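In the two assemblies presented below, chain A is common to both, partnered first by chain B and then by chain C.
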Partner chain A sequence: MSDGTYIRRPNRPLQIYAVIFLIVLYVPVLFIPMFSFNDSIYVRFPLQGFTLQWYGELWTREPVWNALWNSVKVGLVVSVISTVLGVVAARAITRYRIPGKGTMVTFIMMPLVIPGIIFGVALLVLLSRMGVPLSLYTVGLGHLIICLPFGVATLLPRFEGFDPSMEEASADLGENGWWTFWRVTFPMVFPGVVASLLLTFTISFDEFIMAFFLTGTDPTLPMYIWGQLRFPQEFPSVLALSALILFVSFFLVFVAQRLGRAGLDNGNT
Partner chain B sequence: MTETSVQTSAAEPAAKPVSRLERLLYRSEALRGYLLMSPTLLIMTIGIIVPFLILVTMSLWTRDGFSFDATLTIANYLRVWNEPIFGALLRRSFWISGVATVATVVLCYPMAYYVAFHVHRNKMMWIILMTLPFWTSYLLRVFAWKVILGYEGVINSGLQGLGMIEEPLSFLLYSKSAVIITLAHAWAAFAILPLYVSLEKIDKSLLEAATDLGDGPVARFWRITFPLSMPGIIAASFLIFIPTTGDYITPALLGGPDGAMIGNFIQLQFGAVNNWPMGATLSIVLMLWIAAIALVFLFITRQAERRVS
Partner chain C sequence: MTSSDAFISIRNVNKFFGGFQAIDDVSMDIGKGEFFSLLGASGCGKTTLLRMLAGFESTSSGEILIDGQPTADVPPHHRPVNMVFQSYAIFPHLNVRDNIAYGLRKQRLPKAKRQEMVEEMLDLIKLPGYGTRKANELSGGQRQRIALARALILRPKVLLLDEPLGALDKQLREQMQLELRALQRQVGITFVFVTHDQEEALTLSDRIAVMSGGKVLQVDTPHGLYEAPRTREVASFIGNMNFFPATVRRNGASAGAVETEGLGTIPVPLDILTKPDGAPVQVALRPEKFALSDTRPDGALAVQARLSTSAYLGERSHHYVTIDGREEPVAVSTPNLHRLAGDDAGTGAPVWLSWTPESIVILDAE
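Coming up: the complex of A and B.
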């Protein structure tokens, strides 16, 4: 709109700041994969040469695979449930005039602004009072509470972004509510659904605070890593494992973010 | 879609109330909306409200050997109030979180400003790039800082290798500053998003008007951009300050005895110390303090806003 005004003029210092900012944001995390290839048990400069030994060691370790499988199971179940509930809730929020809507949305978003430790502790107390033994199910319940707000928050803009008259047109053409949902609504919000699945899976997969209080005898992957951090000789293989997790998380989230916003940005600008 | 599932194959006389329910559902939007919301709300109630009520109840119990004495008493609260260690821990937690919050918001503001005003192509790419690390494991990001700040870590061994220092700098790891640096880095995305959204919303014609009326870039920033981005600053501060006060991973891995926070203490009560009622009390006290601080903060910013306008 405002071409040629001072606003468009590039601001050199700010640009340099932005680049430094991004470097500082990423470099600490990138040290993990860097040292995971380092041929030394000590994490320090100078680097001792390239090795894949730590990755090879991971391969032979039974507990790592168990923990990985636990995390995947919990992540899959949690992401599917929170996405389905997120679709239903986002639809209710955007399509119906409900009294008290704002309060309900605030309530759902609450886990985003309350320290995780309080949820973890509160759930632990509830479960132990009810005599429920800690297991992967209890971890899943904890993760569900954290993931639901993210599911709803990812799906809401998709539902807000499409024209309700499309659904009305389908209804006018004789489809019932169920088929309208499957043939009109669902394809329209599908990218949001995939984004929500990927994001909630990643959150659950990486989650530590809830898992710390709610894990029974089967550890999730972050819990396993936490346990290994006590042993300095395990450091390099923890680095290798962490590097793999970081890589998968980055990839999933990158895809999710692109999908979550795809189509929306083009439509708005 | 839900109204179709209510149908039953009841006999003719009994069909009447069902069809009335159906008609009610069909007519009342709100009811259908509530029905769709109900599973989510149910889970959140089971996951938030019920545990919270039990937490409040347990905070009024006391420890009795290895089990609990369920007589209701405020003894735990009195202990927290009277013993100076709890006050000191809370103050330290709020201090660390407060400094980390201010540092994060101040450092992220120019970045959000840059993307909102100076990036015109691939804006989405920038936003994704800025928020991507946030989605990766919090534990691993904290772990990364342990690798960097450690006694034989990246900074120390790097500086020694360059011959700039003889002895490793011992103040890097296990200190308050280590916790603050790590928190500020780990929560950056939480500051950038609200700041970006509030800056992006600013009507550019206001800035042009200010320029036309003779304001320089600095005056323009302080009189227009900054006040209008205030909602973003407030949101960012809340989103960082509140969760970080209860953090215990960062202080546990990087804080040492000097950087321990209230979260570590709560975790100890549920772990090694095995005094659950005390842990519950501390959680409630923490929540009350957070609520109080949030209200005061909101009140001050409201007053300030009113004075400006």
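Coming up: the complex of A and C.
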């Protein structure tokens, strides 16, 4: 303990706890990529040898590509809409004196803690009552509800760490609201916008429960995986697909996290 | 100042935030090319008034004219004024050059011309070669100068400055005061400068508006505010002041005097006596208008006093003396003209307290 202050000194039990926590969290997940390279259709030890066969099969399968394309379409639209709404909401929350602001924020954040199954069922009932046919649009609507709080939560700290006199200075120097937004506000919150896009895209891309209730005839990728689980011989391909989704998601969220904090730590005054 | 050469006219302006009145019936005129300060304690409404000039706050009633034009419907980005914000508001995503050139977009200048203007500004604020620095590589004093350059490059008719030196340390602040004053003379733009530091206001300004609780108490030159404050509040806000309850004495049409508690009867010219005979007033005297001596000085007005405490401050010494007929001690400040060795009179020593009738200010009674 020669180095480090009282607060910063290493804490052995805490370190052990953190390591165990990470192992428990990620080891089960790591079985998926491991078995996806296993040369056997049975998921069991001992491993049989290395193969790329399951990945190759995925490549040639039409429905996988269709499902992937469906997920990307929904993910792109949902991420753009929830990020735009997130920017508007975060700006309104931090800039204006709105009565009942706290309550409003609570309601925006609520979907984070309400089980997806409740929202899914509720939306399904509502949409079928209104006679709206299930399609990728209804899936997108469900995903929007889930993604919006993540967008707002990513963007809020950006706007909170933003001196309101920056925008006033721009107006003072002759720019109207439109130009002020594009020359000052947007560049300053840009990393947050990218982070929000990546995060909400990933959440939509991986989402299952809403899609389960609201999908019509076009499945998203998680729905496709769910459908394939009935066929034991398809299981290794499902593992391969899951492994791919896992890596892409991890990468996107990692980048989003880095961007979301960029510039906030070092004197963004 | 007559209203014909007023460049900014503030007429009966009020500002309410909900039920709270931040600005209370303020009227004043600011001349072209003037260095004009708004001086007052924190929360008295200085920033609010400045923001109304910039267009960030509307007036609840009354009007503001800039260069003869009513401003009520003019948004901030169309006003011929620029502001240096208290936080400086330097854009963090732009370098120094782009910060300074920010307001030039609409002028559609060739790149070379714009570059030249920025370089000129960098020279003016004594930061040549800083064009490519990032905003977060600048010190407080440098940010302050960039904010100044960013506003001045647009050649505004009025520059508004909200406590621009408040965030700087004492030494830098004093240096920047001199530079700011020199810069204002050089560019000849009207400056409206907000500060809570009375010394800063006195040093820099052509005229000062002293504010309190949303009201303007007095608008005057530094000399006028110091030597002829109109109310007790102004008198005690600017420097120190001793107040003596007094009564007006008029001896026919020829001579006048005020009879004070503690300083005896002081003859004053009739023309500064506005009150009738017997009216209660206050006589105010700054500490440095008094002199202390061991023997009764010839010709001056004097009373016998006792030294209560003395503090040696280098250039000057501050003393408190007590006099008969007055409980509160009198503050006296004397220059240390000679190098004296150990002749400081001890506590309770008798001294003569003297002053001249010209140095007194007569104020209304409380």
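Quick notes on this structure:
What we mean here is this: the second predicted complex is superposed on the first by the 257 of 269 C-alpha atoms of A that agree within 3 Å, B and C clash if a C-alpha of one lies under 4 Å from a C-alpha of the other, contacts with A are read in each partner's own complex, and residues count from 1 in each chain.
The rule is simple: a residue touches a chain if its C-beta (ideal position, glycine included) is under 8 Å from a C-beta of that chain, and two chains touch if they have at least 3 such contacts.
Keep in mind that what you see is a predicted model, and the values were worked out from it rather than measured.
The larger set of touched chain A residues comes from B, when the choice is between chain B and chain C.
In the superposed model, A:Pro187 makes contact with chain C only, not with chain B.
Contacts of A:Asp172 after superposition on the shared chain: chain C is touched, whereas chain B is not. Residue contacts after overlaying the shared chain place A:Asp163 against chain C, while chain B stays out of touching range. When the two structures are aligned on the shared chain, A:Phe231 is found in touch with neither chain B nor chain C. Taken together, the two complexes place residues 176 of chain A in contact with chain B and also with chain C. Residues 54, 56, 75-78, 81-83, 85-87, 89, 91-93, 102-103, 105-106, 136, 150-151, 154 of chain C are the ones touching chain A in the complex. Note for the complex: chain B touches chain A at residues 1-4, 29-30, 32-34, 36-37, 39-41, 43-44, 47-48, 50-52, 54-55, 58, 107-108, 110-111, 113-115, 117-118, 120, 123-124, 128-133, 135-141, 143-145, 147-148, 150, 152-154, 156-158, 161, 185, 188, 204-205, 207-208, 211, 217, 238-239, 242-249, 253, 263, 266-267, 270, 276, 279-280, 283, 286-287, 290.
If you check the complex, the residues on chain A that touch chain B are 1-2, 5-8, 10-11, 14-15, 17-18, 21-22, 24-26, 28-29, 31-32, 35, 42-46, 85-86, 88-89, 91-93, 95-99, 101, 104, 107-108, 110-119, 121-126, 129, 141-142, 144-145, 148, 152, 176-178, 180-181, 199, 202-203, 205-206, 208-209, 212-213, 222, 225-226, 229, 238-239, 242, 245-246, 249-250, 253-254, 257-258, 261, 265. Partner chain C is touched in their complex by these residues of chain A: 163, 165-166, 168-176, 179, 183-184, 187-188, 263, 266-269.
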